[in-house]
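Quick one: structure below, then a few questions.
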Amino acid sequence: MEEDSDDKTPVKKVRSNTAKSVQSPAKAVDIGEVENSTEEGEKMFEWLIHPVKKEKFFSELWEKKPLLVKRHLESYNDGWFSTEDLTKILHENDIQFGRNLDVTTYEGGQRETHNPPGRAYPAVVWDYYQNGCSVRLLNPQTYSQGVWRLCSSLQEYFSSMVGANIYLTPPGTQGFAPHYDDIEAFVLQLEGKKHWKLYSPRNDAEKLPRFSSDNFRQEEIGEAILDVTLEPGDLLYFPRGTIHQASALPDTHSLHITVSTCQRNTWGDLMEKLVPAALTMAFSEDVEFRQALPRDYLDYMGLANADLDDPRRKAFLGTVQSLLARLVNYVPVDAGVDQKAVEFMHDCLPPVFTRKERACSIYGCRTRLERGRVVGSVDLKTSTSVKLVRKGAARLVMEGEQVFLYHVLENARVYHGAELQPIEIPPDAAPAVEYLMHSYPAYVTIDSFPLDLQQDKVDLAMLMFEKGIIIAQEPVSVDN
Amino acid sequence: MEEDSDDKTPVKKVRSNTAKSVQSPAKAVDIGEVENSTEEGEKMFEWLIHPVKKEKFFSELWEKKPLLVKRHLESYNDGWFSTEDLTKILHENDIQFGRNLDVTTYEGGQRETHNPPGRAYPAVVWDYYQNGCSVRLLNPQTYSQGVWRLCSSLQEYFSSMVGANIYLTPPGTQGFAPHYDDIEAFVLQLEGKKHWKLYSPRNDAEKLPRFSSDNFRQEEIGEAILDVTLEPGDLLYFPRGTIHQASALPDTHSLHITVSTCQRNTWGDLMEKLVPAALTMAFSEDVEFRQALPRDYLDYMGLANADLDDPRRKAFLGTVQSLLARLVNYVPVDAGVDQKAVEFMHDCLPPVFTRKERACSIYGCRTRLERGRVVGSVDLKTSTSVKLVRKGAARLVMEGEQVFLYHVLENARVYHGAELQPIEIPPDAAPAVEYLMHSYPAYVTIDSFPLDLQQDKVDLAMLMFEKGIIIAQEPVSVDN
Amino acid sequence: MEEDSDDKTPVKKVRSNTAKSVQSPAKAVDIGEVENSTEEGEKMFEWLIHPVKKEKFFSELWEKKPLLVKRHLESYNDGWFSTEDLTKILHENDIQFGRNLDVTTYEGGQRETHNPPGRAYPAVVWDYYQNGCSVRLLNPQTYSQGVWRLCSSLQEYFSSMVGANIYLTPPGTQGFAPHYDDIEAFVLQLEGKKHWKLYSPRNDAEKLPRFSSDNFRQEEIGEAILDVTLEPGDLLYFPRGTIHQASALPDTHSLHITVSTCQRNTWGDLMEKLVPAALTMAFSEDVEFRQALPRDYLDYMGLANADLDDPRRKAFLGTVQSLLARLVNYVPVDAGVDQKAVEFMHDCLPPVFTRKERACSIYGCRTRLERGRVVGSVDLKTSTSVKLVRKGAARLVMEGEQVFLYHVLENARVYHGAELQPIEIPPDAAPAVEYLMHSYPAYVTIDSFPLDLQQDKVDLAMLMFEKGIIIAQEPVSVDN
Amino acid sequence: MEEDSDDKTPVKKVRSNTAKSVQSPAKAVDIGEVENSTEEGEKMFEWLIHPVKKEKFFSELWEKKPLLVKRHLESYNDGWFSTEDLTKILHENDIQFGRNLDVTTYEGGQRETHNPPGRAYPAVVWDYYQNGCSVRLLNPQTYSQGVWRLCSSLQEYFSSMVGANIYLTPPGTQGFAPHYDDIEAFVLQLEGKKHWKLYSPRNDAEKLPRFSSDNFRQEEIGEAILDVTLEPGDLLYFPRGTIHQASALPDTHSLHITVSTCQRNTWGDLMEKLVPAALTMAFSEDVEFRQALPRDYLDYMGLANADLDDPRRKAFLGTVQSLLARLVNYVPVDAGVDQKAVEFMHDCLPPVFTRKERACSIYGCRTRLERGRVVGSVDLKTSTSVKLVRKGAARLVMEGEQVFLYHVLENARVYHGAELQPIEIPPDAAPAVEYLMHSYPAYVTIDSFPLDLQQDKVDLAMLMFEKGIIIAQEPVSVDN
């Protein structure tokens, strides 16, 4: 493996001469057998940035500079998505222009969207394509099992929503104007070739920005810091705020998937939850927050008095600072993190079950009515061994006196297609749920739950099993 | 065929001894080959009420009395839905308690709903069932191809939304309290046996009611006018307003489907559209509507003056009547009907395409990208023969100066799962669309469209073809 | 009295040579002694249009043509309002630019509003005036006792809200562009001279219009039908829809008041209340309104079928007409009138009490606390004689099973400054209230109320007395 | 002057034996001649707590303990309000039950409100009173010139809204249940005698509370810390959170006014403005706030992990603390104070003008129209001397690039009866406005404004003069 030695360049370029030993997703990321979602996420990410090491990536590149991996292995990204998949998806799903798919052009500095109303049948989409339109499919994870797998593994790794878009570009065209986004982007070239140009954020305020930019004119963005052609198997990573534009080479179309993460997932976003909560708590617990302002403060405070040299100003500012400093005693960090976690869970994709997981879960229970008789009922025993279906599938949250178990099992593959449906848990059952969480990925018997009554153990297990939150080690639906 | 001779009974009972000649749906309603949706709807309805004749049904029973058809042919209703289908649907779809499915009991005069939150997995549903709960699946047409076919055929026949519910009842139980509904109900017994009791509307105001009733107590509903046990293959029809209750026999479960129609589809509903529109028009066109009320009308009008014997009252009432009579000149009947038609289209299921229809429609176009080249493009020629996919699939509506083609092709199988997306049509293309409508079910060449330019003919055809509104006689997607 | 003989002119001009015998408002309309609000309103109106007779006015002019009365008696309109009053009002009240007063210009075909934000102090308003701005004071009745009296008398006469605006125009200027209004206008010239031009409605649709027009350009409005100069004491009436513009003569300012009425007070407005109510009633009482539409009506009805020669169309249209005709049986005319009456009462000014009325009403009760003791309590006896304070001050309305007495006594002089506060009346007290209404303007003893118990009579009287709805013949507050 | 020596008692009792030298408000607070609103507020407050000294009050009592001043001078509080004033106000104003006045009882532990709908005429109110109801008049400052003066002077002293309520209680009754309020209360006994009982806050959380309490039961409030009878001339102060109840002595009614201040006027309320603003600024200026949260933070943070001994937890908490500490760099204290000041101004009463102030202000300009000519125009010259009408009447606020002058002159005496109407000031005129503010209470010539052009000086003066914000030293309206 060769790496550019000059660490001062704002871009990380990696030349991967070990490429041959890397395999296409199906093999490289053999996660079918992995029974630990934490490990699965990690392996998926390692595959993604191979041959760069995770530690190096996070210390040197993440949120800092672009990374280009030229793999010289055309098949490396195979299996995630293809032009054929796109036709199939359009054929089989109610893909709507504007909502799920856009057809766009960028010509002569002009960016246009050409969406007609209604469903995007393949014949219609390919007609636009033939006329030079780029095609962007939003949230392919909703329709593609592979992309679903990719995103749901990585979301567990990043503790942040992972999304995706598919971009198909006709030969010799560009579909989008230069701009920057508010997400960390991983571009995986799938078919054809695309010429990319990246540019540094224009100033400090646009570094790691909270919101995506408008379209820029070419003269606004300065010199490119990276100018490169992606070929199948290649990866391009760049941090949010990196201005970019890309066009298909004249002689070939281009298909890539952009995997994105870390949108609105910053310290500041957490602070926005913590700080008002801290203030509310300080208000109710610290009487100094409830004392009246000085009787005469309007005489020396305010912008019109900003230049006043008055000892009362100093005292006033001193009090503000001391109260602010005191806020730290009231910052409910863990509660704020849980609130953030619940928001993340609302954004999450549901887990992709393996065949075995399905068989051992509520999904796999073959309960049915046969000649009027129920057969194949679920039969959880205290001896049954269970575990959470995924490390990140559920989270305990206190709301006042109540304890709720939030989980992603009712989530839809459509983004925000369902609301979270937390389950209320008896407070004394909470330790049993935490026990399950800390035991992951090991199976534990229901009998080992830290609860007094056997019936309570089975009831709690049943409650979670019926939502798909836990799975058993063996199928539990029996023909009675 | 035997019929009860006593026409004074408020119920029509039919004993079908010609049953053997009747076939199960798949064969009896061989609509796979039918190329005319009007005919298809008619045949479906004939099958439904067989051996009663349509004319007799509409003149003697419809909106008047119940009809019971004992078919003595267990298989007559086969194929539409089974307990097995229910398990399969629960298994494969995100059926949510409360939204898509209810588990209920009616015991000791007490009606209860037992829905937990979240998804209704088979194992969970069957557990409730085993504990004596009835299961009601709402809108099975969303999940069952057969029921979709049944309802979408009948909706064209009734020009009114046709819905359905599935009811599964454990042996010896009743799931619902006595009540009446606001729809015409066709009950098809599918499995097991159910004991039905019907009661007349309690008074004139409850005949053909606009809204369903609350639950009744047994002592509120009088004597049953029909007391009968339904067996597989049987049909029970009753008009809205008919109070009913039913329980599974002690030794068997019961499964039936209720097909419903004519909810809020009355003359009065139409009048509610027509009358305010007529008034608005009269206001702007008839100056007498804009003349001031008599200076002193408050002295002799109003409830406190209702008994006044004053000639001015008579004159006043006379003017009201004459203005009301004049409204008739302004009633926009056709526009009101179109408004009603659009509402109906919003309620409609999309058509079920046959294999051949699919092949000859936009759905069947195998347009795709092969090695970067678009192949299999749609190729409509003036010589191509086309027709509407269904008689009721589209409707031209004037809105001000604009002409819109409303259609049901973007509709979802989920009730109101999508908004109508009308297409604007150039006003001079409207006759060509009407020509297509009036030609149905015949195919006509694009060349025969009443338009001047060949290109306009093809463009109009393309516009409708790309939405699925028209289909060609032969597949039109060619490998170029 | 001279009148123009040519009745074909669209304007009625009156030359009043009997003017000398007419007195200024204070004397001409000596309503201070009038104890009957019906008579008072009538006299006020007679004074307004003097020397034209009411009957002639309503049969020949009202809602038909303009009327000009040149009185040649400068003082005829004296006493209602003056420039001095305006200064005083600005001085003493929180008159806000934009909300209560506008300063405007119309120059070179351009209409402009120059309102600054905030309160219109006299010094500021007169500064605008001096710079050529017209001044329009909205709702002077809120600030001027005289205008309040004028409007509240006339509102009882018209059974319709009567409003007013004051217009002050600097010499040689015009403040407003040509336009028409949605009210019947009575212009009383108070000071200076103004040159008016009136124009006929441009077409039938603009006759008696429901809404005021935008500003017109001079070339849009045709030839003036009246071109006249108003002098103090003159009256100009014109129906809504009459286009008008006016400018002060070059050598003098102009001050006039426009009294307006009959906005949205037409048969059509009443029909808008009656017709939906009739339909709702027909729906619930007439089963034919609840019957389903014909199964196949969409095939032959709708605009696309408007030219179809199909007997089913005729039948369908026939049914619509017959249902419409049947509506007449369900039109709740009196209830609709009461609803309109309540809306009118919401718009009403409260009555102007005379000194005597005040003394005999709740307003005049000198109840007070003296050395901790309540003195001067209200003492209604069965022998006390009472009457409604005004014929139109209250109205009984049935709402479901309840009876409410709506009244204008809580109304504010600010337009819609207060909500109606109806009093619930025991249903068996309603006849006693009606008795009071029909007895008006005579006083009746409380003892004569058609109620069984003496206490109920006194309680009912007290209820109305405490709201100011009834007054006694003599003061009733006694020093106990 | 005697004071209780025992400073440990939670109540401050003052026996004022110098009472004879104290005069009733009209004389004691001779503020008619005061030309400095700061001084006026100070004198009013000194009068209020006399003979206690301000410094002592604020250091020992304010927000800490109750203060009782027994003045033994019945007339000390005379002139602010009397029972007679109440009758007069009810007579002359549209006082509405529920909105402006309440009639209440507290008997047998039961608190009830007896408000009928509609206007509170004296006869009706005194009837309730005679039946044992207490009468509470809200915001008497709206109707009483004296109370307006009292509150508007004190609001300038406290830099916080000052409100008032009037309480009249029949002999031997109590109108309200024990409770605490969210304001600092100054009770001035006006007539009769009332027996008060005060109780300490029940716990730390109820000290200086943000919101008033519900009604307490007698058994919830512990032992009274003060048990005393107020007589005319006496004062009782107690901090918010002090539980209290009071009843009129058996042989006399009681009338008092409660003057209140410092509602939601605390350091915490200011922090609620500062902290989110600081966070927004930090987000945009400090990239560390925009960096992603640690990839794995959900594994060790959150309530379920609160007891985890993981170095990553410490690091995470450390980052939160360091970011919080950094907020201090972004806290916009002066801007937040200005925002608070604007809210205060919205709450403010408008100033009570003295006769002389009125004469020298826009209110006193006798501009009028005489025979069509404007006379008495405002004539501001550069030589005219002007000053702000009150120290606290206006405030400069930056909003983005714009400068606005907020002022209380458009405020209504009705609480929140008008919205603030700030005037936009050219940024380079801001120093001239600040110059005026800092010059207060001295008059300065318009010529001395720090502006370049004479016209700009006069224009700025005119802008403020026309809103009543500045007054001249002599009347400026001249007869031209």
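By written order: A, B, C and D. Residues from 1 in each chain.
Here is the rule we use: a contact is a pair of C-beta atoms (placed from the backbone, for glycine too) under 8 Å apart; a residue touches a chain by one contact, two chains touch by 3 or more.
Since the model is a prediction, treat every value here as computed from it, not as a measurement.
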The chain whose C-alpha centroid lies farthest from that of chain C is chain A
Once you find the CA centre of chain B and the CA centre of chain C, what distance in Å lies between them? 51
With chain centres defined as C-alpha means, what is the inter-centre distance between chain A and chain B in Å? 43
Whole-Å separation of chain centres (CA-atom averages), chain B against chain D: 65
Touching at least 2 other chains, the residues of chain D are none
Determine the shape of the graph in which chains are vertices and touching pairs are edges (line, ring, star, complete, other). ring
Which residues of chain A touch chain B in their complex? 83-84, 86-87, 91, 94, 117-119, 121-124, 126-127, 129-130, 168, 171, 192, 252-253, 362-363, 365-369, 372, 374, 376-378, 409-410, 412, 418, 421, 423, 466-468, 477
Please output the residues of chain B touching chain C within their complex, sorted ascending. 58, 62-63, 157-160, 184, 204-205, 207-210, 262, 265-272, 274-276, 279, 282-285, 287-293, 295-299, 301-306, 316-317, 319-321, 323-325, 327-328, 331, 333-335, 337-338, 340-341, 344, 392, 395-398, 434, 437
